[in-house]
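A quick write-up on the structure given underneath.
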């Protein structure tokens, strides 16, 4: 049995095969690969795209999604082993997962970090528990990484570069830029964007305001490892001009600085200094006609100007749409 | 591409064709008109009938409804254009709607007024934004009008008058009566009842406690226009006897007086004076054996007595059931 | 028209026929018995298993479940007849149920007691109202009894005893043991376990800390009546050794003592004295290799130790899985 927890667990050719299948289904959306099957989608955090695209995707393949969330009436769960459960939790994750495995053919889980202690959050304990206890395939619907988003992004880049006659991803200058947001956000999409860009052979530049916004060493190392295998490197810079100069892809995302986890009041004045990291027309002018994207939801005129977002080079809607197609390919592959 | 935003956008023959199809599907409910298709139902307010009937209707036509709501885990939305989104909203309605358009074949939206400023509420900003940004048909599931309810009401009247051998709607005396309710409610169903009764050729009387409870000029004018085209007029009265005398249809609804939007403490003592507008047996005795209805949910013995509601002349359940059938006809028409 | 409100309304052969059909569907899960049909699932309380298993079950039979809850955006309901509805409730249960009957082919309802006044709770007013007003079959998804759980439990016992060559349920020593839980819980599963064990011919022992934890006389009497019909008796004891000695089935459940309804602060120090009622390895060693189960969710190491729960004799997962199969059989039978 295979899970879809992180792209790092999959080879580039296997991921490309999923994307190729997604492109085939984009052209021809209906099928019976999930006929009679159900996928449980457990959301411990908000969702619009993920919830809708998995639900629609299951239906288009003849299957059915069951959407669950604690705010939607689920019992609170315990995630530790061996504990005397006399606190708030009414049920251990083991039972929830084992029972869902009896009812459903697949389980998707969204569980954002708690933003109090990165050493704790980086264990990705909930996803790990689901993968450990499930007797059916588990899909990561965003925890501390967001592999479905990565796949949709690469698919959108490949489609657009092909259409524009600009060729394969290998060697393209890919800039992942931190942007301002009034709240500290999950690093999941940033971790994922970094890794997938490296895995697909791009020349990756990570642009952050300071060293403190560099991503967790686990993902920096994974990206470096994959970049090296492709004969590339990961560049880190705090210089906006250097990053944007000649860029062919700009991917915007905000995230909280890891050293300040649980101490966000202290981070706030620092992040407030870097509102100018917004992706705007002036910065885009320095690029090599770069494609630009964001995973959505996105605060307009905070992370990216209306002008850039609504420009022809922005592939955010294609990327969002591709969530549907790649997730269908992933469900199909896991179902069997 | 056609939306179903307001009946005013549709001709009477086109609306009648939808009702005729709804009656055909009431007799024969299953079909494949929505096979493989999905409709996103976005609820910014509570619902029982609308949510259930759209969901069931989609299934009966081979399709699938995805039910979304902010309380059910959606991101808070921004509705203004060009704004710097550094407040609560995480996503602009444009992205939400554009992305839903990529996943789904149709979008239903429920967005009640905010009851603070009618000049603002009457812009129907959310519905307008959905219609503007959507790349798929949009259905009004109640904003400041409730066109699906109108259709179900006309269908129920036509069915019952036919069955009772009382002929067509044209020229029937239709009374829309304000009733008491402890809270100020949306004028949507009242606006809609007024317009559809006029459009289908009835002789419309609007009964309100005072002039302040008369409906917005936009809907009064639309109804007057449609009444005139049918050779009728809209009568406004505050005299209960005059209204009920010879009535053939009584439609009950409570709503907040427009001049008091955002100032409800001042309206409360006024509305409290008019508890006697309840639809009761004594009033019904003055009518010409009138059919009576309410859109539900309805507070028993506040808006209508148990005796009237549970009488054979009450068509509220038929009207509620017809929501299912007319919405199927609407979805079918928009999908196809 | 038949409802599935309580197993007491059904004969043992009819219940066995449902279980037999459930076992057939466990081996061969897909069918078309609910093709085009919908079941409304109304949850006034939390759920994981019930919500998921009904939803999946409906899908596997070609049907569709519509999940509704007040926290999920339903209007608050009134349950009294003849009342002037000028309080919080916007809609009478009669309308909600009558209208759902027009949209759906079946209605499931979960409505836990309010835990303030057992004389009030024991009327099971919501379930009774649904059965009274519905024009389609109603299924009890747990109110003050939990008949679907009973069926799943009996099915799991029959499967395991057959597999182990230990024969039929008749005459087996069945122990229903109260266990500690930090909160006072619903007696529903306890009432149900007691009744079904008696109905299926087991020799039932009810183990409680004190007389105050004995179950409501209605269920004690029903169980005694069914036990007698099978030539057995209901034994009540507060002696742990006596109960476990030679037991062949141990069913664990916590519940609040009926005399303390609405007065839980007074019960708390009493229940706190009986933490040692936990099902542990030492107690299980006194049994005749008993099967052990719990309805889930279960607090590990509070109601049952990890050692017992994770042992081969524990059939809690089978019982949970069987919820899916028995509910499919029930829906099929009610759908006709």
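When the chains are written out, they are named A, B and C in that same order, and each has its own residue count from 1.
Note that in this section a residue touches a chain if its C-beta (ideal position, glycine included) is under 8 Å from a C-beta of that chain, and two chains touch if they have at least 3 such contacts.
The chain lineup, named per UniProt: A, B, C = N-acetylornithine carbamoyltransferase.
All values derive from a computational prediction rather than experimental measurement.
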Same or different residue numbers at the chain A/chain B copy interface, by half rule: different
Cα-superposition angle relating the copies chain C and chain B, to nearest 5°: 120
Between chain B and chain A, distance of the C-alpha-averaged centres to the nearest whole Å: 41
Touching two or more other chains - residues of chain C: 71-72
Residues of chain B touching chain C in the complex: 29-30, 43, 45-49, 51-53, 55-56, 59-60, 69, 71-72, 182, 296-302, 306, 316-317, 320-321, 324
Chain B residues within the chain A interface of the complex: 36, 38, 40, 64, 66, 68, 71-75, 78, 82-86, 89-92, 95-96, 98-100, 102-104
